[in-house]
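Each chain gets a letter, A, B, C and D, in the order it is written, and its residues are counted from 1.
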Amino acid sequence: MTHRPEQPYEIISDIGVEKGAEKLTPERIREVIRRYLEEEGGARLRVYADTCVHCGLCSDACHFFLSNDREPRFSPAGKVKQALLPILRKKGDVSADFIKRATEIAFTECNLCRRCVMYCPFGIDVAYLMLFVRRLSHKLGVVPQYIQDTAHSHAATMNQMWVREDEWIDTLHWQEEEAREEIPNLRIPLEKEGAEIFYSVIGPEPKFRAQLIYQAAVIMNVAGQDWTMPATPGWDNSDMCMYTGDEEMVARLKKKHFETAMRLKTKRIVMGECGHAFRSVHDVGNRFLGWKMAPVPVTHAIEFYSELFQSRKLRVKRKYDIPVTLHDPCNVVRGGGLHELARYVIHETCSRFVEMHPNREHNYCCGAGGGVINCGPPYTHKRVVGSRVKAEQLAEAAAKGARVVIAPCHNCHGGLEDIIKHYGLDLEVKFLGDIVYASIDKEG
Amino acid sequence: MHAVFNFVRGPMAGIAFAVFIIGCLYQMASMWRLARKKDAVVFHYFSLFYALRSIIHWMVPFAALNMRRHPVMTGVTFVFHLCLFAVPFFLSSHAILFKESWDVSWAWLPDGIADIMTLAVMGACLFFLGRRIFLREVRYLTTVSDVLILFCVALPFFSGFWAGQQWPGFPVMTLVHMISGEILLMLIPFTRLRHMLFFPVIRGYMGSEFGAVRRARDW
Amino acid sequence: MKKFKILPYAALFSVFLLAGTMAAFAQENIEIVHDAAFENQTRPPVAFAHDAHNEKAGIDDCGECHHAYADGEKQMGDDSVGMECSQCHYGKPGQGVADLIRAYHLQCAGCHGERKAGPVLCGECHRRR
Amino acid sequence: MATSGDMSHWDWNIGKKVIADLHQWRKSFEWLEEPYVSPDGETIAAVVRTKDGMFSVCVNGDLWETRSDKIWSLRFSPDNRPAAFVSNQGLWTIAVGGRPWLNTYEFVWDLHFGEGGGPVIVAAVNKGRYVAVSDGVPWSQGYSFMTGLVVSDDGGHSAAVVQSAAFNPGDIFAFQKGCYTVAVDGRPWDRSFVNVWEMSFNPDGTRLAAEVRTTLYDYTIAVDGRPWDRSFSSVWQPKFNPADGSVTAPVKVKGGWTLARDGEVFWDQRFCQLLHHYHSPDGSAVAAIVAPEFARWSVAVNGLLWPKTFNHLITDLTFSPDGKHVACAARKDGRWTIAVDGLCWDLAFDMAWTPVFSPDSCHVAAKVEKAGRFFILVDGRPLKLEFAGAWNPVFSPDGCKLMIRGIGGSEKELSYCRYVFDMSGLPV
């Protein structure tokens, strides 16, 4: 085997990783890793790690690999080889420098998008393995600063953005007031016990994108929905702790969220357009708490909009006539099968739709998901470089005439906006809700 | 010669089969026990329908997108695995050995076809070796054991073919064939070759998760 | 474990023995093992020098190879010279030839293996040209 | 559950009272929010918008005198006073019985009541300083951050998680040193923690226990600021045993969840999950919502499992006054029902509310909903009443009568009515 020297990688300076690793000793690394291998390293870890035959067929699944000129260390199995296998082989006898590198790989070179699961002949879940590495990084206290700060926000405020209790309610009041200019009798019902729908959003909505709450309120009111939002913590369905490996916090956050919906005796949770939050409430957080499925049924916005159109509760007044394309977010498509419903809603609301290729379950990741964008500015460059194939895919859709890319996920929004800016594409990113809001008949 | 032959034909064959079967059962059982203990959730999400849906999609050549993206690899892989299973069981000599030992018999392949299939296995091994050498992403992942395993797989076919052709030194090659075949059998449960055991397990589990929980396809 | 001792290549040898001791041709030196039941031969036929073999193997009693069984018991002093092996060793439907091959192999190679003498590997008897 | 001490003075005469015609309300106001009903059932109130575009509260048909730019969180106190947050010119306060407090704040929220006529407590913020305010009196000390306000049963004490040390945005290492503590009646504990979450007062409000995290990984319970010696991989809300004052909490140890008491593991059993636990009023028994295995839910009373399990969830666990019975709402195969002492009522609904025990612990009543219609169940049987809206049934102090509050009743019209039935004369 003649190994061509691999491209050198640049170590990105991140205070969370650097300072965290300074505190490590070989003994501590070994002790922590062995403990969690013993306690949590189960059959999945063993079977996934042992079964991989190193065929490399997963490589083509990964946008990092494809975008970095097929650089082998970016292939899914290549990341497992670098970040996890030495830990297993040496039973935790690895250096602090190794942990730093493994942390960077697991946190910033894998979006946990699970595309590779569909390319591996065995269906080995590389996202699971990367999450296991993140779990160890968390337990070792070596986590990129920005996402760790977000996890701290979750812990202190039960939301992702350090939004205080009063700020949350005040924002809802403010959006309600704004929306009343348009729909005079619009209401955002707070704490309405027994409402049919508990509407939940992610922290960045009240913080940065309050107009989404406005639009959701308009849609709810126009469609005559019996809904409510809580005036207590528990309103945020997002979950960066899921991506830092702090599973105890995941359970705590989801418990708060689900129990807030239960306290209000609502029948289901309808959530805004977020992907990772959907993953968190649909098939992660509930499991940490012992619930097989979400204890309160969860409906993603895509599904909810399609329901409202199907039941004719929403009617289109004028179709959106700028050509649109659709980015299928991993967590609601590979993770929720909502791709056809999204197309249905687009079909109802838009006059011109351009498919991106690949699409549906095979769509390329936005590069931002899995907490990668949440690791913050130190990794932005690497992230957009690692999304070159996404840029090419977007450019192709743009060449076919698309001017707007619909991304029904917050992280995808951030990721796509960065890509569009970096690669100078002529596209605007919108939520499905933006389109629905713009096209429906608000007179009811 | 006769002593070696008798041992290889007799006790060692028995040991090889026993190690293979018990080893596989042990691996499956220990995986099962570990899953029960630490991954109990996986059992709750297992869905026979979606497990089979996924397994079948990945057993049919070119049914998965990634197979279509790599047609040569897919073709070679399917031929390789097919021959790898078919030749040991359906080669006339082997079938007769089973018949002699356990008095069970089944249809066997014409020797000419079996020869071609044997060559196919060896060719596939060469192809895989080539991938490991020439494809960067595969070379990066390749370990010494990956190459050794490839060698271990190729050897019984190579020696068996040699013996079958009665090329010079074939009696020794016959013994090499028998011994390497038995070693290969014993290696299956304890090396990466056990991927044959875990393929349906992982695929079935991921198929269940993708189908029943995530309502998506995984091929 | 005894069952494992038999190699297919032992087929050769048993073919020698059986064929060689067939009563009708007892005095001739049979050169090729023949049985009418073998229609399509998968492997090359097995050459067998009847008298030379028996001399070398020290076999005097025809019944040793041309055995005769009654009620599952080998009949000492009796033999089956003159019969084709397939008259007995052509058993279950669909498995006839396999049964016959098995009988030949057990007879020839089985003995070789036990005595640690004579060919046991496939190619040692089923010689290609 | 806060209860009024004065229930015996309520009108327990058998019969039906029509309190308000909501149909009429609907005609009078272009804006009518969902109504709330007083514990004694005599009053119904809703936020309304008046013709001048201002907001007010309609109480049994009469409007509050004050008009506001905005009103929210209308609730009744245990002694039957309607209260709500009201705002004028961007300043907020709370109006109780229609009378706003004199102090105003930039914002007020999180409404709490003390039992039976006790104080009204809210969270409030002014100029970035957060306080709790009890009957208009704020804590003497404000904080830069406050969350999770709790009050003692009688409303005499309040506590909240507050920030005890400042840290810059993104300073994850300062955060991990511990910047949060609990302020009880405005005074902070002298020890800080990485995080503090759910808290519980003891029955007389003199002690407080809280879930804390001392590092990112070590969870334990702190009682009056002192953490337990032992830490766990996770914990849930602690509770005081009303009899002996010991503190219990669900904790996660190797092998699963169990119950701990005063820092030591208390139950032998290990569960996949132990979400909530409750002490009986006399402190003799403790019950918990547990998952004996993944995706199966049940109730453990003193560590002993109900044989029945539910595959979705169990909520609203409640002890009978004598501590001998436990009831809960449970969901199985997507439908709700009520379970008492491990036995399931053989009825399925779209939603079920906290079951209510009679004072003598002999009867259980519950409010349920199916297809948008509300029903009252008593001891497993539905009453022959159907409502468009209803509130939890209330037993008389002697347990002989049952009060039902509902909108619509058997009639088509939208009247809010209050019924009192003799337990022997229930409309079944």
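Keep in mind that, in the parts below, a residue touches a chain if its C-beta (ideal position, glycine included) is under 8 Å from a C-beta of that chain, and two chains touch if they have at least 3 such contacts.
Every value quoted in this text rests on a predicted model; they were computed, and no experiment measured them.
If you take chain A and chain C together, the chains in touch with both are B. Interface comparison, A-D against B-D: more C-beta pairs in contact at A-D. Of all the chains shown, the one with its CA centroid nearest the global CA centroid is A.
Most remote chain with respect to chain B, judged by CA-atom centres, is D. One finds 33 Å separating the Cα centroids of chain A and chain D. As a whole-number value, the distance joining the C-alpha centres of chain B and chain D reads 61 Å.
Rounded to whole angstrom, the centroid-to-centroid distance between chain A and chain B, based on C-alpha atoms, equals 39 Å.
Computed centre separation for the pair chain B/chain C is 36 angstrom, with centres defined by C-alpha atoms. Each of the following residues of chain A touches two or more other chains: 39, 287, 292.
Contact of a single residue of chain B with at least two other chains is seen at positions 41, 44.
The residues of chain C never reach two or more other chains; the list is empty. Touching pairs of chains, sorted by label, consist of A-B, A-D, B-C, B-D.
Chain contact summary for the complex, chain B toward chain C: residues 2-3, 5-6, 9-11, 13-14, 92-93, 95-97, 99-103, 105, 108, 110-111, 163-166, 170-171, 174-175. Interface residues of chain A facing chain D in the complex, by the touch rule stated above, are 15-16, 19, 39, 138-139, 141, 145-146, 148-149, 152, 155-158, 162, 164-166, 169-170, 173, 185, 187, 189-192, 194, 231-233, 246, 248, 251-252, 255, 262, 265, 267, 287, 289-292, 295. Chain contact summary for the complex, chain C toward chain B: residues 1, 3-8, 11, 42-43, 95, 98-99, 101-102, 105-106, 112-113, 116-117, 120-124, 127-128.
Residue ranges on chain A touching chain B, taken from their complex, read 1, 3-4, 6, 39-44, 46-48, 50-57, 59-61, 65, 70, 72-73, 75, 77-78, 81, 117-119, 121-125, 282-283, 287, 292-293, 333-339, 361-362. Interface residues of chain D, counted against chain A in their complex, comprise 30-31, 33-34, 70, 72-73, 106-107, 109-110, 123, 125, 145-148, 169-170, 172-173, 175-176, 180, 194-195, 197, 213, 216-217, 219, 233-234, 236, 252, 254, 272-273, 275, 291, 294-295, 297, 311-313, 315, 331, 350-351, 353, 369.
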